[in-house]
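For reference, the structure discussed in these notes is given below.
Naming follows writing order (A, B, C and D), and every chain is counted from residue 1.
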Amino acid sequence: MEETRLDAAPSGPVGRIKAWFYEELEPPAWPRHGLSPLNRLLSFVILFSCIAAVLETEPTVVEGNERLFAIIEIVFVAIFIAEYLVRLWIAPMLPGLAGRRFPRLRYLVSWPALIDLAAILPVLLLVGGSHSLLMRLLRLIRLLRFAKLARFSSALNYLFEAIHARRFELVVSLCVGLLLLVFSSTLLYLVEGDVQPEHFGSIPRAMWWAVVTLTTVGYGDAVPVTALGKLCAGATAVAGISIIAMPTGILAAAFSDALQRRKHPSDGADA
Amino acid sequence: MEETRLDAAPSGPVGRIKAWFYEELEPPAWPRHGLSPLNRLLSFVILFSCIAAVLETEPTVVEGNERLFAIIEIVFVAIFIAEYLVRLWIAPMLPGLAGRRFPRLRYLVSWPALIDLAAILPVLLLVGGSHSLLMRLLRLIRLLRFAKLARFSSALNYLFEAIHARRFELVVSLCVGLLLLVFSSTLLYLVEGDVQPEHFGSIPRAMWWAVVTLTTVGYGDAVPVTALGKLCAGATAVAGISIIAMPTGILAAAFSDALQRRKHPSDGADA
Amino acid sequence: MEETRLDAAPSGPVGRIKAWFYEELEPPAWPRHGLSPLNRLLSFVILFSCIAAVLETEPTVVEGNERLFAIIEIVFVAIFIAEYLVRLWIAPMLPGLAGRRFPRLRYLVSWPALIDLAAILPVLLLVGGSHSLLMRLLRLIRLLRFAKLARFSSALNYLFEAIHARRFELVVSLCVGLLLLVFSSTLLYLVEGDVQPEHFGSIPRAMWWAVVTLTTVGYGDAVPVTALGKLCAGATAVAGISIIAMPTGILAAAFSDALQRRKHPSDGADA
Amino acid sequence: MEETRLDAAPSGPVGRIKAWFYEELEPPAWPRHGLSPLNRLLSFVILFSCIAAVLETEPTVVEGNERLFAIIEIVFVAIFIAEYLVRLWIAPMLPGLAGRRFPRLRYLVSWPALIDLAAILPVLLLVGGSHSLLMRLLRLIRLLRFAKLARFSSALNYLFEAIHARRFELVVSLCVGLLLLVFSSTLLYLVEGDVQPEHFGSIPRAMWWAVVTLTTVGYGDAVPVTALGKLCAGATAVAGISIIAMPTGILAAAFSDALQRRKHPSDGADA
């Protein structure tokens, strides 16, 4: 990688700035442990811009502060545009692109660059935007900025790996849960359908009750009222905690395994 | 198995079609890994016919689409009748029936064939059926088609095996849970019985509250209102999560064990 | 034990009946595996008498069936009195009492005999009883008959053993949970106390909300309404599932260990 | 330690009293197992004073008993002042302070002494205090007395150690949970925002619903009512129990490990 950088970067002050940006912006190029100061700053900016996007949907917060939110948004977008341009500038130094033709064009159509673009574009369209549904959706695309953080995160890989390693167990658990869902919905539909048609008048309606009960969320908006319905619901709740809990245990074990392996990679062979 | 097939199947084009159906329809006869294309198609048909049966109970979905649902049902039933007849045709080639007398009659009274029949019959009775309770029940028998999927599934066996391996622990857990259920119901019946007779006026009524609390579902339709009642209910909730959680942990471990054993059958000896 | 019985039991037909009752009624004296037929019958009678006692508290079930319940109760009590007298009769044959003075008197004041007496006495006092609170309490003493089952159960011992083995972990978990309970109640009392005095107007009142939230039961009768209150409640719910879940995991592991040890007692040394 | 004490403590009756107090009050100086009788008494006093502080916030308990609570408080504070003074008196005997200059002054500014002071001070200010918010806050500072118990507790250390050992797993779990929280809130905000603006009219509002659902608390104050909203909420509940449960499993395992290590410290090397 050292050679690649030396080849691509011209010497002189501009070359040194380019090399500095490359080291700061590309996590694998950072020689020390953890994230570089610039990337740490960008992570915070991404986080704060997402918090601002979330808060902006709350009228009581925005009211009277429209200007403040607009300024914050302009600052954030300016930073993201600057980041986008700098990344485009240093693209020819990337290990995967160095030495190939049209490195900047290739970078422009890569996933990270498209995500970065998606984080900037909607706001450019939204200057003085109203609150119609389309505007609301476009504004929320800014939440995709969270995806920008994926660049820095290797932990999610371990999670996906853990899920993949136990996919068979998880699929079986989900099938058993689904069967239980259909079975208990059908039962309650037959027992309570005539008494509470608005909640148990059809199997899809009863499914809302069933999923709320089997996950032990228990909102209480749909509750059986007949004695037989309560008996069936009680049995569902008991069976539910036993069977729905399986993916929980499996995921917890798998996730723990995957993360322990990360610390002791040599154990991977016998585990 | 190869010999069995050669013995039973006559040569010629009909024999070759029969052999093709046998390989496609019988999971153990499929030479490659996974399900055969025909069985995969049938699984989807079963799944979709169950989804259609579930959706058909919802008046707002059916209204105006009665004809569509009728056509879908006719198509599904036609497929299931064809499948039933082909399976009956190739029954003499089944390893357990080949060489015995009346193989097709024996097949007709076997469990898989009876389930297949149950999936077809009710609909034949229902042409132009009304929405009385009997009709509703007959229509729901179609959900038994889910059971047709059992033919393709070996995962449920591992689940039953896991439950069987820890049946003693599970029975003890259920007994402890039952004792706690009776104890907390009796307590709340004594404490809150006079204040809220509709919810705690008898032990069976209080049991509905107890099962909803011990499983941490917590609908909120029956809630103690006196200070003493809340104290007892709080203690029940705390004791509940400790004791009801046991079958959860046991099942998760057993299920995980059984499925791990599936992957490394050699480990079974020392496990 | 054989000698003890030969010493205490006179020969002749009476002696043989006594010996038969001894073998049937005393679980350790039963030569084969499991429970003797008479003890199995008694277990069912205990279970059914408890179910009857539970159902008798429900007015809609009792109404019109008072006579049936009275007859059932008389039959059950007659069986329990007969059992009590036979046990008293064979008391001198018990290993712990054989050869000592006044064996029957000693048996009368032993725990099992007192529990048996408690199962009979209240009903004798209740002939024609009204439904006052005292009567209700006396009637419920019949539920103590469940305790008669303890004679046959060795599984509860494993549970108590498991709890005892991890008592330190459990006490620490409960202390952490208690601290969290006091902390979150105090927080919500300060934040929501003035808005909803009926639910959060004092720390003990807020504790009801806290215990319902930390156990994830979530009835919904007491719910924060201010933004700050919801923020604190959300943090409580998240912290709660992490910290309250600890006794769950500990108990599940301990219970599983204790029951596995039961099957492979030799493993106990290295476990 | 024996030498330290002999150096610092003058002989004679006062010295012997001082040495007795030192042994009784300093847990590490107590030669036998567990807590000394005086420390056990102090633990109970701390516990009772906290219970009294909690109960005092409940008007129905305090009404008519103001005098009793005042007397109890005076007694508790007198004990804590006496404890504070005795600890100050024996401070020069503490291993960390013995032989250094101004040992009592150094003790006064140490954490345990400041917590002890915080447990006394507010009450001195509160003689005849009213029920304004400031007074209420000052009164609640008495709950900090719980922190006095930390002196005697080594179990919390194991908990913090367990959390620290798995901090990476826990942070990843929390991030995944947070992502799911933002994602499901945004989804419900888009789907139900126009139907129920009071509950789903902005992402922060929908977050209250999301956290209540993902932790399976399920109060039921905010519940989706549209079919699409219920579908999204059901998926959230199912995904939630799988992903939020991870920190539960990780913490349970870590806590169990840390406490097992405490019993078998030699296993720490290979664990």
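Note that in this section a contact is a pair of C-beta atoms (placed from the backbone, for glycine too) under 8 Å apart; a residue touches a chain by one contact, two chains touch by 3 or more.
These numbers come from a predicted model, not from an experiment.
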{"item": "Reference interface B-C: repeating pair among A-C, B-D or C-D with over half of contacts shared", "value": "C-D"}
{"item": "Same vs different contact residues, subunit A with subunit D, by half of numbers used", "value": "different"}
{"item": "Most distant chain from subunit D by Cα centroid", "value": "B"}
{"item": "Distance from the mean Cα position of subunit B to that of subunit A, given in whole angstrom", "value": "33"}
{"item": "Centre-to-centre distance between subunit C and subunit A (centres being mean Cα positions), rounded to whole Å", "value": "47"}
{"item": "Contacts with 2+ other chains: residues of subunit B", "value": "204, 207, 216-220, 248-249, 253"}
{"item": "Residues on subunit A engaged by subunit D in the complex (per definition of touch)", "value": "50, 54-55, 57-59, 61, 136-137, 140, 143, 146, 153, 155-156, 158-159, 177, 204, 207-208, 211-212, 215-221, 244, 247-249, 251-253, 255-256, 259"}
{"item": "Touch list for subunit B against partner subunit C, complex", "value": "168-169, 171-173, 175-176, 179, 182, 185-186, 189-190, 201-205, 207, 213, 216-220, 223, 227, 230, 234, 237-238, 240-243, 245-246, 248-250, 253"}
{"item": "Complex contacts: residues of subunit C adjacent to subunit A", "value": "216-220"}
